[in-house]
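Following are the structures in question.
Consider the two complexes below, in which subunit A is the common component and subunit B and subunit C are the respective partners.
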Partner chain A sequence: MKEVTLTVDGKEITVPAGTLLIDACEANGIYIPRFCYHKHLFPSGNCRMCLVMIEKNPKPQPSCMTPVVEGMAVHTNTPEVAEIRKAILEFVLINHPLDCPICDKAGECMLQDQYMEFSGDKSRFNETKVAKEKLYHFGRKIIYDAERCITCSRCVRITEEVSKTNKLGIVERGDRSYVALAHGDTLDDDPYAYCVVDNCPVGALTAKYFRFKERVWYLHKTPSVCAGCSRGCNIWIETKDNKIYRVRPRENDAVNKSWMCDFGREYYILPPKNRASGAKINHYAVDYNKFVSEVAALLKEHAAETAFVASAYATNEELALAKQLVSHLGIKGIFHKKDRVWQESSGEVKEDDILIKQDKTPNMAGVKKTFPEAKDIEDMVISDFKYAFVWGPGAPLEKIDGLNLIVLSAMADQIWEKAKYNLAGRISSEKHGSFTNFNGIVQNFRRAIKGDNNYDELTFFIDVLKEVGADPIGRTVDEIQNAK
Partner chain B sequence: MSHKKILLNFERNGTSHTLESYLKRGGYQTIAEKIPALSPAEVLEEVKKSAIRGRGGAGFPAGIKWSFLPKDNDKPVYLICNGDEGEPGTFKDRVILEENPHMLIEGMILASYAIRAKHAYIYIRGEYGFALERVKAAVKEAYETGYLGKPLKGTDFVCEITVHKGAGAYVVGDETGLMNSIEGKKGQTRNKPPFPAIEGLYKCPTIINNVETLASVPWIIANGGDAYHKIGTEKSSGTKLLSVSGHVRKPGVYEVELGYSFMDFLNNEAGGIIDGKKLKAVIPGGSSTPVLKPEDIKDMTIDYESITAAGSSLGSGAVIVIAEGTCMVKLLEILTHFYQHESCGQCTPCREGTGWLHRIVRRIEEGNGKMEDLDLLTSITKHIAFHTICPLGDAACGPVDSFVKKFRKEFEEHIKQGGCPYSGKFVRFQEKV
Partner chain C sequence: MEYVDRKKRGLTIQVYYREIFRGVWITTKHFFRNLWKWLTFRKGGVVILYPEETRPDMSPNNRGRHVLVQRSNGQPRCVACKMCATICPALCITIEAEESEDPNIQRRPRVFEIDVSHCIFCGFCVEACPVDAIRMLPQTNELVGYNRFRMIYDKEKLLTWHPTVSDDVVYGYNPKA
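Here is the complex of A and B:
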């Protein structure tokens, strides 16, 4: 690729041709403040926060709209630029309500942060602020506060460029302008609506599920991977006291850029109700160790007549241990199925060309890679088997009805009720591991919350392996990953 | 002094806008006689020779603007006539649109031919209902007669014109805002570069000119660029329409040769100050140009250089005359309110700053001002001007800076007295004729 060399504050930097100046500076350690510019949106150049001086140019230029040019000499640290930044911050703040103490954005607000870093001056504004509507319901998900809004148009561009619903627009002019929907419209059927909340530089757009629930600086952020579909969007799960308060996309250019869909988010923030719990044999709770030894003995004895149904919700590491177990025991009937944890909701998008994939399981690619010989459960010949080890929810009951069922699942569905042996597993936010997405990208995630009353599948397979006399390939996620 | 008349060379008798009347006074002759012999490059060359400067306000030479079009270009080229005359005090294009629309159409045919435009647009501001009617009727006549929609005599070039009505926004007078408006978007300006000549309407190369500029083209082609250049001064060639408003006896639109003495214009054409009052101030080129005091305009002539030297700008040629007895603070309050109202809200400095300016000036006028407000005003304008996408921010600052600088005493009086020393109302002198 062609490269361009320019100087920024006297330092020579080389970047690919066509890079925007703001990105070129950031990649070389010079952060240029911004409100409207977002790496994954088309620049609009309207907040004027990123103005810099370019030699031979009498007027300051927006660095978010300026592609780098060979030999360009840019100044970002002159007194003039500093003064412009202070002035823009003063302008942004004159009609801003300064209700930070009750604003959900406080603590991660770009306006707060950039004011502290680039200004800190006292305002000279002595007039009455422009009053606007504080409570616009953008449907069931989002609330808009027009007074806090700095009309950077990021949300408008998200609905234009990401979800392509074109639902939002800025109406009115001048300091009366605000973001609005068409009359009677809502953001409910926009599958990427929460992205406008994540990317609002101030607290103008807030999510109803998180509004006034918790201060952001108390939240513990865990990097995770969304289990809502086979895209595997990178996410932050934000928790406090073992409770998920908020889920936000984690930037990854190769998978989800800066976005994630609302169904994925609601998979975490509206946790499924019918969770399974405990270890049971014949519907009676038993000690975990007893369960392990009974199941191990049963599998060992009936290996030839057992169908093993792998879960596409399992992590790659659990699958590796399961693979070791079935090959050790010599189980031949291996199947996969389409899992489904949460109920289809109305208006749900089955698949689009943005992020959402039709396959709503996070790790079908991992299952197929670990068990290339696995067949679809729909093709199972039931008379070949007497037992079935069903892992994960969503197996078609009519296919396996009549078999003796051992169920390892996080969800209590029909199969769970029919099973002879039950062990409650965990969902992805409760465990460490990795998923392989539809593109074959393997992504690690960390445990965000503790899974009470449930058993870790990884430990279960380790225990069963030990019980049947095999040496597990690893005892932790790291060990298994290194062993592979 | 009698002036050469190019744009208003006829008597306005109620039928002057019709095709019949226009043909009678020699209209569309360039299409019939000159075009078959001239190549597009030669038309462009004549316009370049005439050195006519854009009459919209910025004064950029039109011929040079046209030659910015990319040479090897496979996209369609568009021509736009900017009839969104929104600058307070300006109403000169309206006279052409209402009284002489065929001259504009002829100019647009010539300009389209010169730049090989696929389609031309006339954008008329939403408030000009009557002008819109007249232009639409004229375009219809031109289509019926075959000047539009059919190959020009001796060539294979077809000119098409669409008349587009604006929705009433000052900011659309900026060329990129106007293009957004034609495209059906909100009237907000675009960042430059890319300039319209490279990427304009529908992302295609576009030339956009003021009504007055395009209406001058037929005369230039008929009489030659050199003949046009001989009118006026060396650097400001041709004639200019001036729209005079304010405290003069004969407000209206006058065509004068550039280089004419301003005082002569004020006393002769405009009829002098109303009621025999003394002159207090003049805004020479529309409300966004800096105000001038009587001593600034004594030796000033009406052309781009002289007015710039006097500390203002010819702008659109909208002369606003202010007589003694007018409260300048009240006048500034009205002007700042206009810019606050018309700011499109895109760029932070203009969106927030214009409202701030207005509120401070209003407070001073109401008698609640402080001395430090005057420095605050100039400090705010310093941060609005040249920090925005379009020149609306700059335009809002022109009057504030110049009013505070030149009439600082009046502002201080307001602050010291705690109120307006005048009636507190904007004075409208009534002279019985």
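Here is the complex of A and C:
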């Protein structure tokens, strides 16, 4: 690619031709403040916060609309630019209410941050502020506050460019302009509606699920990977006191850019309804160690007539251990299945060409890579087997009914009730590991919350491997914690 | 085996008649001193009749306990922004927010608790409050409770103080004024 060299604040930088000036500066450590510019949206250049001085140009230029040119000389820290930024902030704050105590965005608000960094001036505005609609419901998900809105048009561009529903628009003019939906319309059927909340630079758009729940500076962020579908969007899970308060997309250009769908978000926010718990044999709670030894003995004895059904919710690490167990015991019948524990809702998008994939499991690619010989459970011949080790929820009941079931699952579904041996597992926000997405990209994630009354699949497979006399390739959580 | 590091008692303590007479002397001293105050009509003599009277020698700088300032309809002025809970060095303030029916208020505390047994009375919460919803009043100096759970003051208890002055007049400890 052709590269151009330009000078920013006396420093020579080289960037690919066609880069926007704001990106070129940021890549070289010079942050230019902005409200309306977003890396993954088409620039609109309406907030004027990113104005910089370019030599041989009589007026300040918006750096988010200016592509770099060979030999360009840019100044971003002159007194003139500082004066421009102060004036822009003063202009933006003319009608902005001081709602910081009640605003959910306080603590991560771009206007708050940039006022502290670039201005700090007191208001000179003596006239009456323009009062607008304070509480406007954009459907069941989002509330809009027109007074806080700085009409940067980011939300409008997200509905135009990301979800392509064209739901939002800016109406009226001047200090009366506000973001609006068509009369009677809502954002409910926009599958990427919560993205407008994440990317609102101020607190004009707030999500109802998070509204007034917790202040953002208390939340502990954990980098994770969404388990809602096989796209594997990178997300932040934000928790406090072992409870998930908020989920936000994490930027990754290769997978999800800056977006994630509402289905994935509700997958984490809404607590799972039918969680399994405990270790049971014949529906009676037993000690975990007794469970492990009984299951290990059973698998060892009946390896030839056992069907092993792998879970597409399992991490790659768990699958590697399961693979070791299966090959050590010589289990031949290996299957995979489409895990689906919740009912499909009516308006749900099954697949689109943006992010959402048809396959609603996060790690089907990992299962197929670890067990290349695995067949779909629909092709299973039931007369070949007497026992079935079913891992994960969603196995079709009619395919495995009549077999002696060992179920390792985080969800208590119909298979869980039928099983002779039950062990409760963990969901993806409760474990460390990695998922392989549909493109083959392996992504690590970390545990966000501590589950209670369930067991770690990783430790379970290691314990079973030890019980059957193999040398496991991993270590249990206890072993890692007690290691010298 | 002796596990407790006890001091050896001297002979003067072991012969405790001396200590008895010393105690009687202290009691007598206080009796005559209070009697003399009472005879000369000075305050502080005899005893304080506690719930009716408060101590006259309380310093004017005494901050007292926290109160939540009310709106005219009796609702707390607090918007549950958790600034006080964030600044609190003793981590004794617990707040949970909820949505108010009034769209002009929007946010109000559902739970507001101060654990006064942990509080160090630094006054940071009063300074941090952006809406002047929490103050410390010298009048409310009675910090009593039979156990430590009685010392957790909830929203109802913090709202028992009814302002006799206008909201514009800063009253109590408020360094911003």
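Note that the second predicted complex is superposed on the first by the 475 of 484 C-alpha atoms of A that agree within 3 Å, B and C clash if a C-alpha of one lies under 4 Å from a C-alpha of the other, contacts with A are read in each partner's own complex, and residues count from 1 in each chain.
Throughout what follows, a contact is a pair of C-beta atoms (placed from the backbone, for glycine too) under 8 Å apart; a residue touches a chain by one contact, two chains touch by 3 or more.
In this text the structure is predicted, and so the values were computed from the model without any measurement.
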item: Clash or fit, subunit B versus subunit C on superposed subunit A; value: fit
item: Touching partner for A:Leu403 - first (subunit B), second (subunit C), both, neither; value: neither
item: First (subunit B), second (subunit C), both or neither touched by A:Ile102; value: second
item: First, second, both or neither for A:Glu172, with subunit B first and subunit C second; value: first
item: Touched partner set for A:Ala279, first subunit B, second subunit C, both or neither; value: neither
item: More subunit A residues in contact - subunit B or subunit C; value: B
item: Contacts of A:Ala307 with subunit B and subunit C, given as first, second, both or neither; value: neither
item: Partner chain(s) touched by A:Leu51 [first = subunit B, second = subunit C, both, neither]; value: first
item: Subunit C versus subunit B - closest C-alpha approach in the superposed model, Å; value: 23
item: Subunit A positions touched by subunit B in one structure and by subunit C in the second; value: none
item: For the subunit C and subunit A complex, residues of the former touching the latter; value: 79-83, 86, 97-99, 103-104, 106-107, 130-131
item: Of subunit A, residues touching subunit B in the complex; value: 35, 45-49, 51, 58-60, 62, 65, 83-84, 87-88, 90-92, 94-95, 124-125, 127-128, 130, 150-151, 169-170, 172-177
item: Of all residues in subunit B, those that touch subunit A in their complex; value: 169, 186, 191, 340-356, 359-360, 363, 376, 379, 383, 386-389
item: Footprint of subunit C on subunit A - complex, ascending; value: 100-102, 106, 134-135, 211-213, 215, 217-218
